[in-house]
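Below you'll find the structure, written out as structure tokens, and then a few comments.
Chain naming follows the written order as A, B, C and D, and within any one chain the residues start at number 1.
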Amino acid sequence: MSSIRHHCGLFGIVNHPDAAELTYLGLYAQQHRGQESAGICTAGGQNVQRVAGVGLVTDAIKQAELQKIKNSMAIGHVRYSTTGSCSESNVQPLWVSAAIGEAAVCHNGNLVNAVALRKEYERRGHIFTTTTDSEVILHMLADLEYREQADPLASVLRHVSGSYCILLIYPDRIEAARDPSGNRPLCLGRIGESWAVASETNALDLVNAEYIRDVEPGEIVTLTRRGINSRHFVERQRCKPAYCIFELIYFADPSSQVFEESVYLVRRSMGAALAREAPADADLVIPVPNCARCAAIGYHEQSGIPLGRGFTTNHYVGRSFIQPTQTIRDLTVRLKLNPIRGSVEGKRLIVVEDSVVRGTTTRGKMQSLRKAGAKEIHLRVASPPIRHPCYHGIDFPRREELIANEREVEEIRAYLGADSLAYLSLEGMLACVRDQGHHCTACFTGEYRIPIDDAFQKNVFERDQLKLFDSRGRPAHADS
Amino acid sequence: MSSIRHHCGLFGIVNHPDAAELTYLGLYAQQHRGQESAGICTAGGQNVQRVAGVGLVTDAIKQAELQKIKNSMAIGHVRYSTTGSCSESNVQPLWVSAAIGEAAVCHNGNLVNAVALRKEYERRGHIFTTTTDSEVILHMLADLEYREQADPLASVLRHVSGSYCILLIYPDRIEAARDPSGNRPLCLGRIGESWAVASETNALDLVNAEYIRDVEPGEIVTLTRRGINSRHFVERQRCKPAYCIFELIYFADPSSQVFEESVYLVRRSMGAALAREAPADADLVIPVPNCARCAAIGYHEQSGIPLGRGFTTNHYVGRSFIQPTQTIRDLTVRLKLNPIRGSVEGKRLIVVEDSVVRGTTTRGKMQSLRKAGAKEIHLRVASPPIRHPCYHGIDFPRREELIANEREVEEIRAYLGADSLAYLSLEGMLACVRDQGHHCTACFTGEYRIPIDDAFQKNVFERDQLKLFDSRGRPAHADS
Amino acid sequence: MSSIRHHCGLFGIVNHPDAAELTYLGLYAQQHRGQESAGICTAGGQNVQRVAGVGLVTDAIKQAELQKIKNSMAIGHVRYSTTGSCSESNVQPLWVSAAIGEAAVCHNGNLVNAVALRKEYERRGHIFTTTTDSEVILHMLADLEYREQADPLASVLRHVSGSYCILLIYPDRIEAARDPSGNRPLCLGRIGESWAVASETNALDLVNAEYIRDVEPGEIVTLTRRGINSRHFVERQRCKPAYCIFELIYFADPSSQVFEESVYLVRRSMGAALAREAPADADLVIPVPNCARCAAIGYHEQSGIPLGRGFTTNHYVGRSFIQPTQTIRDLTVRLKLNPIRGSVEGKRLIVVEDSVVRGTTTRGKMQSLRKAGAKEIHLRVASPPIRHPCYHGIDFPRREELIANEREVEEIRAYLGADSLAYLSLEGMLACVRDQGHHCTACFTGEYRIPIDDAFQKNVFERDQLKLFDSRGRPAHADS
Amino acid sequence: MSSIRHHCGLFGIVNHPDAAELTYLGLYAQQHRGQESAGICTAGGQNVQRVAGVGLVTDAIKQAELQKIKNSMAIGHVRYSTTGSCSESNVQPLWVSAAIGEAAVCHNGNLVNAVALRKEYERRGHIFTTTTDSEVILHMLADLEYREQADPLASVLRHVSGSYCILLIYPDRIEAARDPSGNRPLCLGRIGESWAVASETNALDLVNAEYIRDVEPGEIVTLTRRGINSRHFVERQRCKPAYCIFELIYFADPSSQVFEESVYLVRRSMGAALAREAPADADLVIPVPNCARCAAIGYHEQSGIPLGRGFTTNHYVGRSFIQPTQTIRDLTVRLKLNPIRGSVEGKRLIVVEDSVVRGTTTRGKMQSLRKAGAKEIHLRVASPPIRHPCYHGIDFPRREELIANEREVEEIRAYLGADSLAYLSLEGMLACVRDQGHHCTACFTGEYRIPIDDAFQKNVFERDQLKLFDSRGRPAHADS
């Protein structure tokens, strides 16, 4: 699967002399969650400082700047990649000075009522300097109405809808919050006297932090040099979990735990379920690189059909690749993947994909394998057909670009060029995860567990017409 | 003179198919007014777009980005250089989305009540995302109280104090405003059906625009595709001009007209006046490069003493120059200037400076000339001693660093190492400019024609203690 | 396996309007053979032109320069990476002007009598401007003694010893030669009327060229716009093949054919042989990423033990990674690999490596797996212990740094921290390749099939002392 | 004057702990002599090391590399700029390993028999890896025939013709040589126990070295840690000086001494002579920036007409300037110079140029001044018309591009758009220099004092056809 823009990744740490550097590492471990930009805000004493830039973590954040920072508290953010240009103004964390003092926020998810809230604040005279939906949270926090509440952040969060994990840094603390549906992952870890918070546990692993637990849906955890404190802004029993199943299918790193279960094991189970649901008489199971390897292992184990390798990957794919002339333009599809003739020639293949979005890349891979001599190709997709938009942070293409939109499986098979095609059933998929009934599967079913107001839905569908926020060249839906 | 940070430079244009490129050129022509950052906002239809970055115009704004812009309206800004790092967040123009729609502002000057206004808006719940004083103007414009006024911009400007020229761009127009004292220059030009606005006329020259007139103190000029419209937010007769005489002495390019007179001619007159006030028996008049050449011409013409050249300049001074080891550190003062022995050896020199701030550089030049064999050095400064801080945009060092602070001329002479020293008198200087009595000379006299509130003055003096706004590494006085 | 510096990669093409661009792609496909520098020389008419630089292909060769080239003939080279700095002077191809006209050479391998030849030419008054051994070939070609021969290139090649593949470009042709032992791979391909030559077939694949055959040991192939011509500089029957078995074990891309057999299939066979020789009672076979995946597939197929995944890989490892402070230095070993706890916890693992050189990285991986909960680790290496230096182009560390140097398997096992350790036997390995008896296995056996003069051997052992050629910071053994 | 490519600049120093850094500074001071590339070779013990690159000194040589060097001996080179691309292979100093050990050379001038010598060495089997004429000197030094001479370098230099200054560095010494005509300048200086050598004295000034004397025509000076030694390879009385008068007119920095006289004073004298020869009734003398300021001072002093300023210069002209669209292309001529209307309006001007080559730039300046209101323009050129090619290192355009080629002064005047035009006479010019009769004036007279062989002359005239050496994109005449 290749055409989904990734999510964002968050990291934060308190009470560590190398807070900025560990945050850098924590972002680096979560680079797969966003390649467009990276930023770190640190705090200590009265101020909040910021270093940030566009590109990968190693490009966006200069070592020299990083090492000058002596603060013992930091939050950081990596932002998903887009194909087009990216605005420096939207790079997170977003720093502000306001009645609450200096602060910065970073955010993973999508506030479905951000447009409405923003319009209200604009009407009241506030100004917005980015096109991210995170900005509205800072306006609310700075708003006298909320400031006067007993727990301003809790009040604010009770008034935003959508999916989000949020880190806020103040001169004296970090606040980490997860929406009542728990749609996006957020976990807590500890290194000695320091506490860390991250989107995925692999970031904790890299900085040698012990994974303690997830931040719960509807919970705010405050991290200070004295340790952590917890409170719920929505009572536990009123939180209706809607964990994004796509984190488990595709986004998260297989070495991570997400929603308190192993990403690897879930994917392997899905592959095994797929083998049970849609067996095929074949010589070899091969994963489509690089994402479907875990599901392919499951299919292989379940079916007993040997697991092989169909492609080699060029790891040096550069962002500055030459613009080829017309003559050689058609060569460029092979730049990243080369089929292994010795492996696939004359073989009946079961090719395992984690998911299929637009289908163009998958189709190219089918053609490559054919050309390398594959005798049969049985394409197996370890998740159901994607037929609905996501309002919670996944940047699927528009509905009409989805290969499964209003197409039957047979039509899709013919387009992709496989000899047979099967998707994992919804039930099969759900049987592989813990806490069944606690996941959002809207992209497959169209049933949105998190309420969306009509204006937002309209916005998502018509975003290319409306372009509400895109004055700086960023898509209007501006997830972060 | 070398230790004054420069002002900012502004440029705007409407109704031109190459608006973005002409703005780029207009900024380029005014690069001497600011080297820290550069930015351009363009408009057309409903949106305002932004390209900006740190460094010189040619570094900050990528050609590829610029040429993608098809909008016919643009404003741009170059920001003065500082020795330290600079925050990308403070790069102007500042873009916002607010109740007034999308807009962007850029600003040259210093709002003396910005701190107070900002505190008030913060108190009311607004958030600030930069440390520039320009941001408060956008908050005011977006404020319902002002929006309901018949002329919101006029109302806003009547409530800010200080020195400023402002360009605002909206999807359909540019608004150009100059404070009632006219402290900073702003001029209008025309290229066919297009109208342009710039800090200095040399920017109009470069883009082939005809200089029409200055924006008047207290005037707002609206530029649209249909032409220009004017209104005064302070009645003409109530405006008390306080043109910054330092623009004429040092800042502006000699090829420009500023405050409706030729910078070159004013400087030449000052040099001539200096020759009359402080003649010296000498062989040669030499300017201190590169700023004092106009005044030196005046001195030479008036005195009849030949005009020569004392130094050559290394034009390749790079920003990435090596950090020399201790052994050779003392060599670096000569990196930019080398005395011409053949010119000065055995000569009695009249060395003309435009102004002396700290004195350290001037002192080094005196030593260089001595070493190259100068027999006598009569230092003549074509402006009076600088003894007072500027609250209106010039970043003089703190009072105690000014060479003329609480020092007599004789003390200064001894420190600088000249055989004689004379400054142009205040009267002599003022006799050289048109519209006498309309200039701010506070840095020489301490008489501030533009009201400053006490908080601000305190702030300027104590800025190193307070650091009100510097959470991102920018000096707290945040001029733009 | 991680501590072997890679070989170089060669590519050449004639009679194609996009010769330079296809060479760029051909180098790009072979980027795994060298990341230190890249260069392309093109020809047409009377001249030979050069574009080259340090770094990856996409960094070293600017698109703008590339696209200006209209020549229909080109050769290119990627050079292996080193940990230290790299000299721009040594970037290949090496261009010369000499009695033979303009020409350029690029070279993969190691001339074992280059030092002696060079010393002789220096004695005779020639000057050398690089520290590569390729330069001596150009001196010989330009030498009157060789020029007068009926076939100068053949004469030259009969006088150099060692392992090499060479591409020479002249204004009117490319000459491609392979040493009589065929130690390094070189293959021919065709795209319509164009002929191409490459180290590996995956480069032919990428440019859509059909693989025709290998250049034979002792053969020179001339490529011109009229097609190809072949001659042998050493008679076929006198060539004693000594194909580098390490190309099959580690260097070449699995999608390539090398020495006329599929790299993938050879590696899979080796894994299978290893399973027969050294079975283990375990739950899961996992490859050490990323090189041992083919061998692991073979082990898995042979043993029937399921194939899994032990680590995830961070694909964003940047070259500009921060220099961590002492506090976090030990974290950096995990930057590239993170163990998948869900996969390995509580499992008895068979971990397949392709080869073990120093052992430090392998040891780290064992520790990672233990920490992630592996119950047993049975390390299986799909090649014999490396105990001898390579004189033919592989930059193994010095003998005393080899983990298997004078150590028994049990000692190695203890050091690496595995529960059991087995290497593939020499016989087992050789049974997996075609043309048995035609491979160089000196690194395992110490039996060098290609003669090495004593001076050279001494040089290799004492290179750190002698540093014959390293005046520009490059290691003295200067393989290319 | 703008269309002459500059010369190269040399610097060398022995016995100084900061040799590399001082060489960097010495090159920096001479940046006006070449902006295309810069390089430094250092020595100490047995080796010669090299750091070099394209662009200005500060870009070409990385500080980090420079500061790692601990050697106490260094030579460096800056190469003249060209408009097109530049080959990294030609960057000097040129390093070699040969029978003479390791060495490096850098060179300012033009060897007129380099082509013939090179052909001979190529015939004998030597290979050349650059297209610079300096390379042949290293071949000769390495040649057994010369090595066996009592004084190999002296022998070599007796066999090369043309104009040159050469620095050679060996592990234990620097050799500095100047051709028997002394065509290019080379001077010696001392800092304590260290000796330095440079093209111009301003480089000595910058590193605080005392100017001692020039290297004499036909002299070799050896610099070692024990001091300097001198010998003549051509006897003093047989040396026929032919100092390049263009060094005095245009190339050298006015703060330098060249050929043992002050560049400034010579230029001032030329301006004064011009005033005597070609007076004009005018209000103001203005120099064409930036080169003619010294001559303008002379004209002004002699004529008594005041000296003024006609243009301001944009010091921020960047190399990465945008490519303007067609619409604004004609604006770009004004990017660097803006006329000062206040200075020139209504005035009768005497405009002083140092020399006129193609005339296109001068013509543009005349138009600028007219547009700014100049009433009359009397163009005075402080040197005679340039009518002949230079074979000794100045890269004049081809004869037919010279404005004065086969054109009368009146024709030139009409083309340039001046009201009157006068050049300084040859006699007038020569009367301004010391050692009359010792200068090369061939570009004015066609009388070449340094013998040129016919092949070379043919080469210069037909270089665009022959392109003997240009396989790497550099013009064939490849001076350095």
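Criterion: contacts are C-beta pairs under 8 Å (C-beta built on N, C-alpha and C of every residue); 3 or more make two chains touch, one makes a residue touch a chain.
The shown structure was predicted, so the numbers you read here are calculated from the model rather than taken from an experiment.
Compared on C-beta pairs in contact, C-D and A-C come out with A-C as the pair having more.
Distance from the centre of chain B peaks at C, each centre being the average of the chain's Cα atoms. Chain A and chain D have CA centres that are 60 Å apart.
Centroids of chain A and chain C (each the mean of its C-alpha atoms) stand 38 Å apart. Between the Cα centres of chain C and chain D there is a gap of 47 Å.
Taken pairwise by the contact criterion, the protein chains form one closed cycle in which every chain touches exactly two others. Pairwise chain contacts in this structure: A-B, A-C, B-D, C-D. Residues 17-18, 21-22, 24-25, 28-29, 31-32, 35, 56-59, 63, 66-67, 202, 205-208, 253-255, 257, 262-265, 268, 290, 293-294, 297, 300-301, 306-309, 311-312, 314-316, 318, 320-325, 327-328, 330-331, 334-335, 338-343 of chain A are the ones that touch chain C when the two sit in their complex.
On chain B, the positions that touch chain A within their shared complex are 47-50, 52-53, 65, 85, 87-89, 94-99, 102, 122-131, 135, 138-139, 142-145, 147, 469-473.
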